[in-house]
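In what comes next, chain A is part of two complexes: it sits with chain B in the first one and with chain C in the second one.
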Partner chain A sequence: MSADPAMTASPSGHGRQAAALEADSLRVCYAGLPAVDGVSLRVEPGQVAALIGETSSGKSSLALGVARLLPSSAVVTGRVGIAGTDLAELPAREARRRRASLVGYIAQDAMAALNPVIPAGRQIAELFRVHRGLRRADADAQAVHELARVRIDRPDRVARAYPHQLSGGMRQRVMIAMAMALSPPLLIADEPTTALDVSTQAEILGLVGQLQAETGSGILWITHDMGVVAELADVVAVMYAGRIVEQGPARDVFDHPMHPYTHGLLRTRTDLRTGRPGAPLYQIEGSPPALSAGRVGCAFAPRCPRRTEICGESAPELRTHDQNLQAGNALSGAGPAREFAAAASPQKSASAAGPAADARRSGPTGADLTATGWLAACHHPEVSS
Partner chain B sequence: MTAPAPDIEPAVQAGRRDAAPVLGFESVSKYYRGLAALDQVTLSLSRGRALGLVGESGSGKSTCVRLALGLERPTSGRLTFGGADYPRGRRRLRTLRSQVGFVLQDPYDSLDPRMRLREIVSEPLRAHRLRDRDTDRRVAEMLRAVGLGDAPLDSYPARYSGGGRQRIAIARALMTDPAVLICDEPTSSLDVSVQAQIVNLLLDAKRSRDLSLLFVSHDLDLIGRVADTLVVMYRGRVMESGPAELVRGRPRHPYTKSLHDAVPADHPVRRKLITPASLRASSGHPAAGSIAAAGPVMPTVPAESAVPAESTGPDGPAGQGGPDCCVFASRCPAAQARCYAERPPTVTEADGRSHACFFPLAG
Partner chain C sequence: MARTLIRRVAFGVIAVLGVAALAFLLEFVVPGDPARAIAPRAQSAAVLENIRIQLHLNRPLVVQFADYFSELFRGNLGTSYVQRQSVTGLIMPRLATTGWLALAGVVAEVIIGGALGILSTLYARVRAVVAAVNLTLLSLPQFVVGLLLLLIFGFRLHLAPVTGGAGPAEIVLPALTLGLVGAPWYAQIVADQMADSLASAYVRSAVAKGLSDRYILWRHVLRNVLSPAITMIGMDLGAYLSGVVTVEVVFGWPGIGLLAVDSLQNLDRPVVMGTVIVGAVAVVAFNLIADVLRMYVDPRTREEPA
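And then the complex of A and B:
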């Protein structure tokens, strides 16, 4: 599922396939409060990028902002390219027409996302009628084919069923079939397995892995579950209070999380698995902050075991931390991890247009790509020795 | 289950506890419109211990909680509290309820947004007519005990985050100094970074107050950390039970194993749900119809089996017991003809574990 490194060989954007998603300095504000505070993100075709975050981290606002699906009360700034197209630059009608072909959206609550009074197959068929101009009978047949593609037994039966007649896992499959029906270059999945049983989740993850290998879409997968990230993601981005605090190849981040928050999330999980029954669990203190304007310093500082004076005074920029890269490279070698590293795209955050951005402009070599591919926004990142 | 299973606590613990379990289910069944939500379930919670109920939706976990809270009565079987039968009648049930606290899944739903902290936390005292001049002091003390020492008594729940609200709910549950605390997925609607705080608070309360916990969760990892004894349920029946470490680490029942296998990996290099093998198995057949073709590692589940337990209850009339087969047979990789023809009895082993399977794993 890793992207072809060749695709990312030239970071300048010339002479290569457009990224499935390229967000630049995206901001989403509600009533003046920033939910997404300058996020730059890139998802290559065929790549699964996991976006990790908790309540009010801004992960869902980011997803909806990317798809340009937010209500007009939300103020969205920044540039978003989906396979090279920015929906915001198109007239509203044109954007609506193009959206379904550009981005598929898989919501957490399929019951709410599907129309309860229209059979599942008809809802998929509608896409083919509206966007491909198919006649009803042809569109219905195509819908059954799409349901078969998501490994549904007897798809003709499911096509005739109403959403409430289907189990949770089945509804989620219908959602996936619908999202992928027009083969969009980008899929956004907003916690699609959170409400499911573990065994149903396992099936859905397995299914997405297969479909992804078949279609080569880029996937932005939003979750708070590190296990789901481990199963699916090539690259990860960890969001906290509207900003990305760490991003990089999944293996490297799991091996040596640089940001204390990422570190805490991973340790919480490891401790849950390996700790002695009845012994206290490893816990991160405090709780995620509410939206606020004009925050000074690092948003994680109040909960951070490594905070010092500077953390309360200035917000750390998202940037590379050299020592870790050497350690990461030494450990992951030149094998698949290297490939992941190359697949991780060069990034810059709104507030970090400094060294990282310069590196991005200057060198198209693999080494430089790796060097800009693993970033953390922390004054005191964990640096492995 | 041909004979009622004996106490599922390991025998070693026998000396440390009262003879009678604090809370006991003896071959309890509960039918809704003739369909079994619980089918001959036997549980036993000892004083100061934590009993973990794990299972997926439709397993009967929530029915167990409703019965234990006295909100409903079993169709058949016996519920005991401190060795005596669950009382009948509203007044006597009320006395029992002061001994059984509960913390529910969603702290946004379970706290009345129009009530102040003082009223919320002291409500059990009011319900049991225990409120007095000292109440405010006791509320403040309890809030301190759950880590909300600086919370004003006249604040509203809206002021607090999910974790804060769950602390309020725990304070409320502990006000009457109950013997048993029922926790129904107490952390599953909380942020990951906050879950451990709440679990630690519950473990702490268990230790310091000699509380017995009935802890319900779908999360095998979490429940394995909290519970001393684990009970794995599927479609209203107990599949396997025993000391948590054994059940979690070396499952005997194929269902427990499948739950274990469905938990995602802890590191990208140890992926188990999406593997190169499972991808190869499907490539070239993009429209292959069957889920079963998805790959060797992925748990294969027929599409139709994801429906709730109620719809696959017994064929016979109410009270006749479940179907004469293993309810897991249709999903079981090791199922044989016998599994479809007979109900596996509950077998108890020397190490304190019991399972209901004709062909248990080596464990």
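And then the complex of A and C:
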């Protein structure tokens, strides 16, 4: 599984161009409990950012929070810029109108996400009627064109079919066509291949790669499938209990994960690939914590093999651990100026690292760093030199 | 789809015949002598016996049964004992009269129930009120609602006629009675289906597409409510056509329900049989029509069952 070079190419000049997605301190709370607890994230145009983590780690809440698609019972705070626009700052009606041109959302279960009583093509055509003011016949024709764009043979037939008459892969293509119809700068894919068989999964991944090369959208790809990450992602963010615990260029995170949780996640995959038949699969002991307000200490500590006293006392900040930043990592903007002495010793306490890390996370430079640097939120990151 | 339809029609015919057979047997369990009902003042046993011979009531039950069904298969429902008129000729005008009432009643309950359901789903503030209204209507018997309407709008306000009959003015109160009593069911399924639909991933997709609330409500949500509502409308139309006895009695609406009651009291067996069979046919037919309509609005029901 090798990534398409067109996709892995690092986007140049992102400082001048608005990021496809720039989330800053995003929080999503249900009934006062944080499902997403202060996440900052940046996806450049043409980049695939993979967001990985277990079920209930807050991935989907993050995705829906970014697209402002959560029900009103969810409280979303923080700034989310999509190609420079924050939907939350627009009046509700305008936000509603502009959302589809800014962000395409590909749901996990295409069967549920498509209306069962409306033909597939019509559901795409609606976009052109509402946003482009096309007449029904023209919008329908445009929908057929969009279906052809996602490599569907006989798109006219698929356009007339109802969702239940299509195969799982075909339904997901319809979803993708729908999400990309207005060529939004950001695509959010919420585990879109989970429900598909392996060969269909590969087709969909290939398709998304090709389409992205054509359109240059930024993609936030949510998954718990490491294979998908390896195939597609330029950068990876690992989420645990509502926070990002490690993020960085996909290759670095894969080869030298710093956070024990990332380590565990990757080990489950390594075992599947190289493990001897009959050998027990590696699994991370325990289960993720329930949502809670005012947690003290590291959320992963109860399951962590490297935990010490400090882990129960203070929550680690997301910060760089510089000795990992080797030349050639293509971390534009994260040069030696960001050398961070406090992180030199992994045993250093968070109280020392905290203020400095905070300084890095706030402001435009902080956001820039989160996009391109390699960071982990751990008191004892695994640091290889 | 054609195969499904043929199967449904066949089941329907079997159901109607089963109902007819049961009704036929039931009439012989009911105590009473039709001959005495026809000639209540006849003194001599010979006269009564003569009537029985004329009506073939002296023959064994099995023979009468066979006779009745062989006539039925020829489309002959027999002749009324009391009115000396063909049962078909008696029933058909009554069926049309009841048909109007049934239709008006279903329209009323769909409008009232649909409005209650939609209101309580979209506006949280009226939800408790709608629930209370639903519960009240559910717990009121049909004749109470009918008499209340008659008292208020007929005798007090003189807005509606109180003398009975089957004109356009007379239809309002009985239709409203059916509508009010039937509305809670529609309100409930509309509210349930809408709640499911509004929470669904496809409505989220529609929101993500930037469609307006009104558009989403009409094109995405209510279309998904239509299917169960149609099923219920079919059941109601069939049931009402087979006789809305209480409402017809309260309002003096000369429909098939009144005819059935009168015939039962007169032991007019052929007419009772006729109303039962026509009612069963109506139920089967309207359920079938509802199924076909559902296939039209919900493509998922079109597929042949495996």
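Keep this in mind: the second predicted complex is superposed on the first by the 322 of 385 C-alpha atoms of A that agree within 3 Å, B and C clash if a C-alpha of one lies under 4 Å from a C-alpha of the other, contacts with A are read in each partner's own complex, and residues count from 1 in each chain.
Rule of thumb we're sticking to: a contact is a pair of C-beta atoms (placed from the backbone, for glycine too) under 8 Å apart; a residue touches a chain by one contact, two chains touch by 3 or more.
Note that this is a predicted model, so its numbers are computed, not measured.
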Practice prompt. Could you classify chain B and chain C on chain A, in the superposed arrangement, as clash or fit?
Written response: fit
Fill in: chain B versus chain C as contact partner of A:H164, first or second or both or neither
second
Discussion item. With both structures fitted on chain A, tell me whether chain B or chain C touches more of chain A's residues.
Written reply: B
Item to complete: Determine, under the contact definition given at the top, whether A:E313 touches first (chain B), second (chain C), both, or neither.
Response: neither
Discussion item. According to the stated criteria, A:P288 is in contact with first (chain B), second (chain C), both, or neither; which is it?
Written reply: first
Item to complete: Check whether A:E203 is in contact with chain B, with chain C, with both or with neither, and answer first, second, both or neither.
Response: first
Worksheet item: In the superposed arrangement, which partner chain does A:Y105 touch: chain B (first), chain C (second), both, or neither?
Response: second
Item to complete: Report for A:A113: first if it touches chain B alone, second if chain C alone, otherwise both or neither.
Response: second
Worksheet item: Should A:D225 be classified as contacting the first partner (chain B), the second (chain C), both, or neither?
Response: first
Worksheet item: Between chain B (first) and chain C (second), which, if any, makes contact with A:E89: first, second, both or neither?
Response: neither
Item to complete: Taking the superposition as given, tell me the minimum C-alpha spacing from chain B to chain C, whole angstrom.
Response: 6
Worksheet item: Considering each complex separately, which residues of chain A are in contact with chain B in the first and with chain C in the second?
Response: none
Worksheet, complete the sentence: Touching chain A in the complex, chain C uses residues 200-202, 204-212, 215, 219-220, 223-224, 227, 297-300
Fill in: Interfacial residue positions of chain A with respect to chain B in the complex
1, 54-55, 145, 148-149, 151-155, 158, 167-170, 197-203, 205-210, 213-214, 224-233, 250-251, 254-255, 261, 264-265, 268-273, 275, 277-285, 287-288, 303
Item to complete: Going by the contact rule at the top, pick out the chain A residues touching chain C in the complex.
Response: 67, 69, 96-101, 103-105, 107, 109, 112-118, 123, 126-127, 130-131, 162, 164-165, 175, 178
Fill in: chain A contact footprint on chain B (complex, rising order)
50, 56-57, 161-164, 191-197, 199-200, 203-204, 218-222, 224-228, 244-245, 258-259, 261-274, 278-279, 282-283, 286-291, 293-295, 298-299, 301-304, 306-307
